[in-house]
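Look at the two complexes coming up: chain A is in both, with chain B in one and chain C in the other.
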Partner chain A sequence: MPVDFTYAVGRTRVLETRLLDKDRIERMIAAANADEALRVLAETAYGPIASQINADEYEIMLNARLKETYELVRHISPTPAVADILALKYDFHNLKVLLKDRYLKQYDDDILVKLGTVDIEKLKSYMQEDDFKGMPDVLRDAIIEAQAAFEVSRDPQDIDMALDKAHYEAVYAIADDMHSDFVKELFRRQADMINIRTFVRVKAMGKDSRFLAKALLPGGYLDEAFFIELVDQTLGALIERLRFTHYDGLVDGIAEFERTERLTAYEKLMDDELLSYIRDNRSDPFGPAAIIGYLWALENETRIVRIIMVGKINHMPSDAIRQRVREVY
Partner chain B sequence: MAQMNVNPTRMELTRLKGQLATAVRGHDLMKDKRDELMRRFMDLIKKNKELREKVEVELTEALHSVLLARAVMSKEMLEEAVMYPTRRMDINIEMVNLMSVEVPSIQYKEDGSADVSMYPYGFANTSGELDSAIARLHEILPDMLELAQVEKTCQRLADEIERTRRRVNALEYIMIPQLEETIRYITMKLDENERSTLTRLMKVKEMLQERNL
Partner chain C sequence: MELGQFFAFAGIAVATLFAGIGSAVGTSLAGQAAAGVVTEDPDKFGQTLVLQALPGTQGIYGLIIGVIMMSQLGVFGANIPDLSVQQGLMYLAAGCPIGIVGLISGIYQGKAAVASIGIIAKQPGQLGKAIIFPAIVETYAILSLIVSLLMTLGIGV
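So, the complex of A and B:
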C-alpha cells in the first residue's frame, strides 16, 4: 500500500520558507568578518544557537540544526525511510570511524556523528563486543565485508571503499521499498556524479583500471565498463561522452579541472545539478519528494553556511567564497 | 687597566709569562675557529633561507587545499578520511660533530608498501581538494625535515659563534691586557728592587772606603 505523504508535505511547505534565502546568504558573504556573518543568522532558524556561540564553533550550530531537522522530519513523516535514506551516510561514517579505530586502537569520540539511524552508543558497544547481531542487516553485512577487505590488504582505503559501496546499495534498497522513481533517480544520479569525480581523481593519481573499479559506486546509469573504457583516454574523451547524457551540465567542471587541477568547480556544479533536479520535482504533493527535498536542501544549506564560515574565519576574499557557495533551494 | 693582585716575585713573573703565551695562542686558535664557524654558518644560512622560502610557499599551497577541503566537508568526515594514515615516516635523528658543535642529522625512511594508496580514504564522501592537499603535503615532508635539520644546525652554530666570539673578546680585551699589565708591573717592581739594591751596595762600598782612609 502506498504511504500517504500529504500531511508531511504540507508541513514541509512551511518549513521550506524558513530556509535561508539568497539575500541572506549574500549578506553573510559580504560580512566583514566571521562574527558579522554569524550575526546575519540571528533572525533565522539558526538564531537561538547562533547567538550563544563564537564564530569558530559554527559546527556545533550546524550539527544542532541538522539534528533538530532530522528529528522533526522523522516526527512528521509517515515512514522514517525518508529520513533514513539520507541519514544512512552518517551511520556509514560512524562505521568507518569505529572500524578504523578498532585497528588503530586510539579512541577518538568526537568524530562520530550523532545523526545516523543507529544510536552511536549502541554502535560502539556492538563494535566493542564484536557482536553485530543487533545491528541492522545492511550495516552488519557491510561491516563484515569491509573487515574482510581490510584483513587482506591492510589498506584503510579499502574500508572506506567497501563501506561506500555498501552505503549506496543500502540507499537503493530503501529507495526500492519506497516505490518512488524520483528517489531512485536522485541517488543513481548522485552515484554517477560521484563516479565521474572519482574517475577524474583516480586518473589524476595515475592509478589503473583495477583500482578504479574498486573505487566506483554501484547502481549509476554510467556503469563500470563506461569508465574503464575511458581510463586510457584523455579527459576530453570523457567530456565528449558526457555531452549526450544528463550530465551535460557538469562538463564545465571537468574542463575547469583540466585547466586548474582543482575540482572546486565540479563539486559545486555537482551539488547544484542535484539540487535543481530536486527542485524540479518538489511540487508532487503525494510522494516523498518534497520531504527528501527539504532535508536535502537543509544539508545543502549547512554546507553553504560552512563554506562561508570557514572562508570568513580564514579571511578568504568574498569573491573566492562566492565562487564556492552552492545554489539555494 | 686593572692589574692582578699578585706578589711581585720572579716566580710569579714566570708563571704569568707562561699564561700569557697560552692566552695568545688560545686567542689565535679561537679566532680561527670563529672565522671558520662564520664561513660555514654563512653557507648554511643561505641554504636555510632557500629551503624556508620553498617550504613556506609549498606549505601555504598545501594548507590552502586543506582549507578548501575543510570548507566543503564537515569536520567529522574530514577527520575520518585522514584518521588512518597509510604512510609512515621513520625518522632517525643522530648527533654529528661539526667543528665540535653537536648538530642533528635527520635520516628518514618512508615505510609503507607502494601498492597501498597514499590516500587513506574512499572517494564517495571526500572532496577532490583533499587529494591535492595530501599529495602536496606528502611532497614537502622531506623538505620540511631537511629544513628542520638545517635550521637547528644554524641555531647551534649561531650559539657557538656567539660563545666563541665572547671568548675571543675576553681574551683579547681583558685576559691578555691584564696579563701584560701585571707582567709589566712585576718587571718594574723587580727592576726597582734591583736598582735600590745596587744603590745600597754602592753606598756601602763608599762607606767602607771612607772608613779605610
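So, the complex of A and C:
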C-alpha cells in the first residue's frame, strides 16, 4: 500500500500560505536599497533572522530557512524520502567538492552545503579516511564510479559528469520506491531540461557527440539519440523539434541564447516551467506532491530572495532584477 | 435458533457493521488532514471539525436501520418470533443498501472531506463551499438509507 501523506499534506497546506507572495517580492524589488529589501521580510517566516543580520549576510538567513524547512518536512512526513529526493543534490554537490579536493587540492569549506542527507562532517571523514563503509550505497557507488572515470582521463570534469549521472539514478530509485507518477515525471522533465541546456552549451563549446553523450543525464523523455542526431544541426533545428514536446515553453530561452550567448533566460524559464508543473499537481491530498511541491517552492523562494539581495547589494536597477526573478508558487 | 432468525440478524449486522467501517475510515482520513492543519493553525479547529464529522453519518444511518430491524423483530423483548428462511433473507437484503453504500461512500466522502480541509487551510472564508463537495457524496448514503428503510418496513413480520 502506498504511504499515506494525509496529515503531512494538511500541515503543508497551511505552511504554503506562509510562503512569500507576489506583492512582497515586488516590494523587495522596489525597495530603495538592500537594507530596506531585507526589512520587507520582517513580518514573514524570515523575520526572526532577518532582523538580526546585515543585508550582506542574507546567505545565513536563507540557509537557516532551508535547514528548518527540511527538518520540518522530515519530521511531519511518513517517510524521509520526500525530503531526501531533493536533498540528494546537496550530497552530490559536496561529493564533487570533496572528491575534486582530493585530486586538485582546492578546498574551500564555504562551498560545502550542510543540507544533504549525510552529515557533512561524516562525509568529510569518510573521504579523508578513504573508508566508505558507513556511507549510503548510492553515494559510495557514485564515488567509486567517479574515481574510476577520473583515473582514466585525469579530467576533473569527468568527476562532475559521473556524479551528475549517479545523482539522477539515485533520484529515480527513490521516485520508484515512492510509487508516485508525479515524482517520476517531475525529475524526468527536469533531466530533459538540464540535458537541453547541456546540449546548447556543448554545441557552443564545439565539443563532439562523444563528449555530449558523457554529459547527458539518464532517464529523460528525450534520449541520447535525440540529442546526438541534432549535434551537427543548428539550434533552430532543436527549437523546431522541441515545439511538439512538453518543452515548447523553453524555446524562447534557446532563441535568447542564440542572440546573447547567455542562458539566464533559459534557466528562468526552466525553473518557471517546473514550478508550474508542480503547481498543476499539488492538489492531490494524499500523495507526496504537495510536500515535495512545498519544499521545491521554498527552494525557489530562496533563489528569488538571493537574486533580489545580490541585485540590491550591487545596486542593480529594479527592472533588471525583476527580469531575473522567478515566478512564485 | 431458526435459520430465518439467523439471516435476519445477519441483515442487522451488515447494515451496522459495514456502514460503521465506512464512517470510521472516512472520519479517520479527514481527522488526519484536520490534525495537520490545526497543528499549524489552531484557530481552524471548528471549521475542520465540521468537515471531519461529515463522513460520520453513514455509521448513524446503519445504526438507524439496525435499530428499526431489531425493534420489528422484538429483539429487545427477548421474544423473537419465528421467521421463515425467506423472511430472514429479506432482512439480509434490506440491510445491504446502507451497509454496502455506507461503507464505500463513507470512505470516499472522507477523501472529499480531506480535499476540502485543504480549502479551509488556505481560504478560511470558504467553509460553505468546502462543505458542499463532501456533502454531495452524502446524497448517495441517504438514498441507500431510504431504500433500506422502506425495504425493512415493507417486510412486516
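Descriptive notes on the structure:
Throughout what follows, the second predicted complex is superposed on the first by the 326 of 329 C-alpha atoms of A that agree within 3 Å, B and C clash if a C-alpha of one lies under 4 Å from a C-alpha of the other, contacts with A are read in each partner's own complex, and residues count from 1 in each chain.
Everything that follows uses one rule, which is that a contact is a pair of C-beta atoms (placed from the backbone, for glycine too) under 8 Å apart; a residue touches a chain by one contact, two chains touch by 3 or more.
Model, not experiment: these values are computed from the prediction.
Which of chain B and chain C touches more residues of chain A is settled by the count: it is B.
After overlaying the two complexes on the shared chain, residue contacts for A:Thr6 are found with chain C alone; chain B is out of touch. Looking at the shared chain after the overlay, A:Val14 reaches chain C, while chain B stays out of its contact range. In the superposed model, A:Phe286 makes contact with chain C only, not with chain B.
When the two complexes are overlaid on their common chain A, residue A:Arg303 makes contact with chain B while staying clear of chain C. Within the superposed three-chain model, A:Met161 lies in touch with chain B and out of touch with chain C [touch as defined at top]. The part of chain C that touches chain A in the complex is made up of residues 29, 32-37, 39-41, 44, 111, 114-115, 117-118, 121-122. Those residues of chain B that touch chain A in the complex are listed here as 67-68, 70-72, 74-77, 79-81, 83-84, 86, 116-117, 119-125, 127-129, 131-132. Partner chain B is touched in their complex by these residues of chain A: 59, 62, 89, 93, 96-97, 100-101, 103-104, 108, 110-113, 153-157, 159-161, 163-164, 167-168, 194, 197-198, 200-202, 204-205, 207, 211, 215, 217, 257, 261-264, 266-267, 303, 306-307, 310-311, 314, 316, 324. Within the complex formed with chain C, the residues of chain A that make contact are 4, 6-17, 76, 283, 285-286.
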